[in-house]
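The letters A, B, C, D, E and F name the chains in turn, as written, and every chain counts its residues from 1.
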Amino acid sequence: MTVSHEILQILENTAVATISTVLRQKGFNRVALHGPRAVTEGQKRIAGPAFTMRFVPAREDMTTALAVNGPTSPRAVLEKIPAGAVVVVDAMGLRSAGVFGDIISARMQMRGVAGLVTDGAIRDLVGMKKLEWPIWADGTTAPPSPSEFFCADTEVAVACGGVTIFPGDIVVADDDGAIVVPAAMAEAVATEAYEKDRFEEWVYDQVKGGALLDGLYPPNDATKERYAKEKQ
Amino acid sequence: MTVSHEILQILENTAVATISTVLRQKGFNRVALHGPRAVTEGQKRIAGPAFTMRFVPAREDMTTALAVNGPTSPRAVLEKIPAGAVVVVDAMGLRSAGVFGDIISARMQMRGVAGLVTDGAIRDLVGMKKLEWPIWADGTTAPPSPSEFFCADTEVAVACGGVTIFPGDIVVADDDGAIVVPAAMAEAVATEAYEKDRFEEWVYDQVKGGALLDGLYPPNDATKERYAKEKQ
Amino acid sequence: MTVSHEILQILENTAVATISTVLRQKGFNRVALHGPRAVTEGQKRIAGPAFTMRFVPAREDMTTALAVNGPTSPRAVLEKIPAGAVVVVDAMGLRSAGVFGDIISARMQMRGVAGLVTDGAIRDLVGMKKLEWPIWADGTTAPPSPSEFFCADTEVAVACGGVTIFPGDIVVADDDGAIVVPAAMAEAVATEAYEKDRFEEWVYDQVKGGALLDGLYPPNDATKERYAKEKQ
Amino acid sequence: MTVSHEILQILENTAVATISTVLRQKGFNRVALHGPRAVTEGQKRIAGPAFTMRFVPAREDMTTALAVNGPTSPRAVLEKIPAGAVVVVDAMGLRSAGVFGDIISARMQMRGVAGLVTDGAIRDLVGMKKLEWPIWADGTTAPPSPSEFFCADTEVAVACGGVTIFPGDIVVADDDGAIVVPAAMAEAVATEAYEKDRFEEWVYDQVKGGALLDGLYPPNDATKERYAKEKQ
Amino acid sequence: MTVSHEILQILENTAVATISTVLRQKGFNRVALHGPRAVTEGQKRIAGPAFTMRFVPAREDMTTALAVNGPTSPRAVLEKIPAGAVVVVDAMGLRSAGVFGDIISARMQMRGVAGLVTDGAIRDLVGMKKLEWPIWADGTTAPPSPSEFFCADTEVAVACGGVTIFPGDIVVADDDGAIVVPAAMAEAVATEAYEKDRFEEWVYDQVKGGALLDGLYPPNDATKERYAKEKQ
Amino acid sequence: MTVSHEILQILENTAVATISTVLRQKGFNRVALHGPRAVTEGQKRIAGPAFTMRFVPAREDMTTALAVNGPTSPRAVLEKIPAGAVVVVDAMGLRSAGVFGDIISARMQMRGVAGLVTDGAIRDLVGMKKLEWPIWADGTTAPPSPSEFFCADTEVAVACGGVTIFPGDIVVADDDGAIVVPAAMAEAVATEAYEKDRFEEWVYDQVKGGALLDGLYPPNDATKERYAKEKQ
């Protein structure tokens, strides 16, 4: 199932917090990732189909050579990641090594990959920030990936930050964190959340101007009418 | 028990670290909250009487409607919070939803509420920061409050960050975190801590100027005399 | 075993992430500290021999007087720390009190101590940052050290951030965290890691310029030759 | 809302695991307590209305005298607990002191209280076991209750083991743990779960006798018919 | 790679602790699972090829029907598990639902499956114990599997208890826990560990008889000679 | 400071829970160890002077040979432990390897060592239990000690289960856990706690016989008099 560029654009212009509320109203509570945080506060929001990578713990018979150069190694995999994708790395929440450093990330960025979301840590923070490539991770550490894990699979269902993500699901991430929008729901969620987000921005301004919440948020009919009028 | 505006002013000009030391000298070790951190480093220190809110986990028979609009819902409660109060939310340390977002917070700010302290997370980070309203929380996340909890009670003793806070206790918070000053001790603590804080600033400058700690900190009589003279 | 100033200089100019990779290639996986993070992002990298302090939990028969002024108290100890040393405090990962505040730290800085690395927290964040003295810690908190622990020993093997550090081992720390280089390996690691670090910077630039990783990183002979030529 | 003795009897004869499945089928996922375990494996299953106690952390101005003898102290409260009730203690998951010891528990037992469920620990394990009074707790420890907490409220909504329990909700507990059945659902859940439990016992025997699961569990019409016949 | 029945028999007669020591001597430190414990102390040791199942978190669009009856559901999978296999369930360490209950387990037992190892919890403890089928899990809980997760894959590399297990690796488990022996090493490890285990039993008896450890353990030549003689 | 055999005998006949209460009344709250639990429920209570061992994390330049045979290795140390001592191992709470197995423990038992208390795990559970030697640990695991740590020091102040223990402090342990009685307080605590323990046993029987707590526990004068009379 492919989600159109238009839908992705709308999601990219919609707050993750609002998408979370809309998904909740549709019965989805297990979609917000716990762990990944914006590495640079204020980095741009991203929305794209997930390209998933599943890491498992290092074992002494998985030689570094295999982990670094094998068929599921980051080096081998990254040339297959489509432009616009969000790379999602299930690192089992382990933060004792970095899933990627600045060189691998630079190459992903050059290929047009939208960004990285992981429940693990990254390394090479200085080089990472210089890229100005959006990353959501659970901290920074020095050791290289093969110290702690290797990539066992790509493009399978993964558990990242306590949430299941299927390849092709839409991942949206901003300063409030990352969320998965199941591919089949992307269109319905995008439109509704975008509208809700605009309305909440208007409410925010009303409140800053002195308005009470009663009747405003959630809105009664008068409020809805006033909003409709002002937004014309 | 009401604490005077003068005392609150003194506490607002006293480092939480120093208040912690003075409370410890008076036998109080269980007063510093673990979890809440300044959302914006360098945001202004606050001191005010606690207005407490006790959250409990969401349950499927607590409808969103009830959580969002019931008598203890944030919307219903916030118009009762007195200006100058510090809102203290016991979120049981759960960080999987935000206790408040930017709209509720904007309204609190408009009402003159001094700030928010919670052992949970907040949401809408961008909007929250735009308010320039001081918040201490344990992280940021996307899901809305009803996803994870609802407010069961207000103005009762709560456990926040491992510390018991009674309504009306004075909460002081700065870049080192938040602390509770039991209302009955506020006056004694304020004066002593303020003086100690001034002295420590002077010591800091002495040390930066090359002084040894011996005899200076803790001070011997000569140091005390010198400090008294210089401070005239 | 003393490590020369030249070696320390080289390490100070080498990324901790790269040192981690080189140590791993030499069979060392248990050398990166988990917990200590740079208190100020972008603070200068440090490299120096460890001066270790071992904290144990407070007990009611360890009076504050003894903890604050006894033979292993920070005040007594700090005048013995050699210039250039990195103070390593094993705080057992406890973050409920600050191991040091700004006055003790100011004195260490004045004595020429290179910096502080601890798996505990610090306090007096504002004063600490004003020092512009590099600190790696696991957070900030208000309570003073004697609330939670006291220094039982100095210059013994300690466990900090899950890693054993012997007095005199070299500790290097930057934005990716802190690592211990066993003293006996410092020379071998320094040279190799420095060279590798330079090479990786060159690779990073190549990738930013559009190069593929294949043959570049890890490098094949052609790449090695080209790098050698360009670096002349 | 009062739940009849008959319903409680049925629940007492129904596995908590099965009740959990039925509640889930009715849309309730946040009802199983995480933390409380049977202190003695094989102790009898209990089912009764919750009598809730809310503990908050000890603070130095809550004297032991007040904690031990005040109006919400266990001593004062326990004579008010009705026979048949399940005492639910929200200990905030703290296991560093025992919520109750053997003397308080003996008195509860004498009063006909059905049992104790807590996300904290107990103390006096030897005396506790001698009572043969069913207890679900998260471990055993030596320190007395006032070391760590005191009872702030009784008969309010509490959070125990991550679940909200209102006074009068039905708590059922066995070797698989404890669950809350909202009072309003007790009747519907009891009947359905009891029947399901009987059916699953029959299935278990079929499987032990060599049956395949296909068509048996979940059952097809033939299985249902056969079960109905055999159970006559 | 298939491991012979003889090798499995030898491993089944060798303590996991001793296998751990031998694997460590061969350079393998990441092979002991953290989390799974024997559900019944003293249950028989098992050794068999791993049949792996990978669970991921529940999501609201994974209907119970799919989780319970889909192609990777336990029901569908279990008829494919070969006799003698050890079922290894990667439950991501989540203990809020049981991976299996007594009915699924009874069927596995009937099929000749050697036992179950999981870093999650089980449910139906009473029925589970009645089976006398060996299980290693991280606790017991009431909720059914679909409450928290579903099986995404079988017979892939999994992370269980912090250790990577490939399908066909040999898993050995006893009262000290579970360990993975990479299939390629099973023969070498089995023989060496079995011999070491016998020797350690002999040492244990010597020590109980009053012998000192010096020269005995690790053994000097005299000890080795004496052991060889006695064991004839 | 040496504590007499008589005092140790009294402590050995006094519940740890009661000792905890008495220490608390004397101002000591940081004396109960969190983590160590009785390996065999009902094993005999022990009381003896602490012989402390301090473990630190394994590092690749600490060869197994050194860890196993060096001057602070268990083998070298154990012949120096005096009969009657309680061995206290600070394992930093790490449970990924066993601090000791059955052979080392058997030798300690033969030497008359009273028992073992550790915040780490043990291994060789079957052999350990066969010894019937009292052990308090935080679980069981397979890997041998050098996998994770080595002994850096003996007979120094250690942190075990969050509590500082000095060599020679008295450690008492039973089914409720382990506690440290500072050597200087042993006599005062022993007498008082023993008497209190006897009184509480009497209270327990009264309550089982139907008595109310009011006036009984804590006792009023009439109760004290009655107890004095009955105990003659």
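FYI, a contact is a pair of C-beta atoms (placed from the backbone, for glycine too) under 8 Å apart; a residue touches a chain by one contact, two chains touch by 3 or more.
These numbers were taken from a predicted model, which means no experiment stands behind them.
Chemist: Identify the chains adjacent to both chain C and chain E in the sense defined at the top.
Modeler: Touching chain C as well as chain E, we find A, F.
Chemist: Touching chain E and chain F alike: which chains?
Modeler: D
Chemist: Among all other chains, pick the one whose mean CA position is farthest from the mean CA position of chain A.
Modeler: Of all the other chains, the one whose centre lies farthest from chain A is F.
Chemist: Look at interface E-F and say which pair in A-E, A-C or B-D is its repeat, using the rule that over half of the contact pairs are identical by residue number.
Modeler: A-C
Chemist: With centres defined as the mean C-alpha position, give me the chain A-chain B separation in Å.
Modeler: Centres of chain A and chain B (C-alpha means) sit 32 Å apart.
Chemist: So the centre of each chain is just the mean of its C-alpha atoms; given that, what is the distance between chain C and chain F in Å?
Modeler: Chain centroid spacing, chain C to chain F, equals 36 Å.
Chemist: Where the centres are mean C-alpha positions, what is the separation of chain B from chain F, in Å?
Modeler: That gives a centre separation of 40 Å.
Chemist: Using the touch rule from the top of the page, what residues of chain B touch 2 or more other chains?
Modeler: Residue numbers touching two or more other chains: 29.
Chemist: If two chains touch, include that pair; go through all of them.
Modeler: A-B, A-C, A-E, B-C, B-D, C-F, D-E, D-F, E-F
Chemist: List the residues on chain B that touch chain A in their complex, please.
Modeler: Within the complex, chain B touches chain A at residues 68-69, 75, 78-79, 95-96, 98, 101-104, 106-107, 110, 123-127, 139-144, 146-147.
Chemist: Spell out the residues on chain C that touch chain F in their complex, using ranges where they run on.
Modeler: For this pair, the touching residues of chain C are 27-31, 56-62, 92, 152-153, 156-159, 162-164, 182, 184-185.
Chemist: Contact residues on chain F for chain D in the complex?
Modeler: 15-17, 19-21, 24, 29, 32, 34, 37, 41-42, 174-177, 179, 200, 203-204, 207-208, 210, 212-214, 217-218
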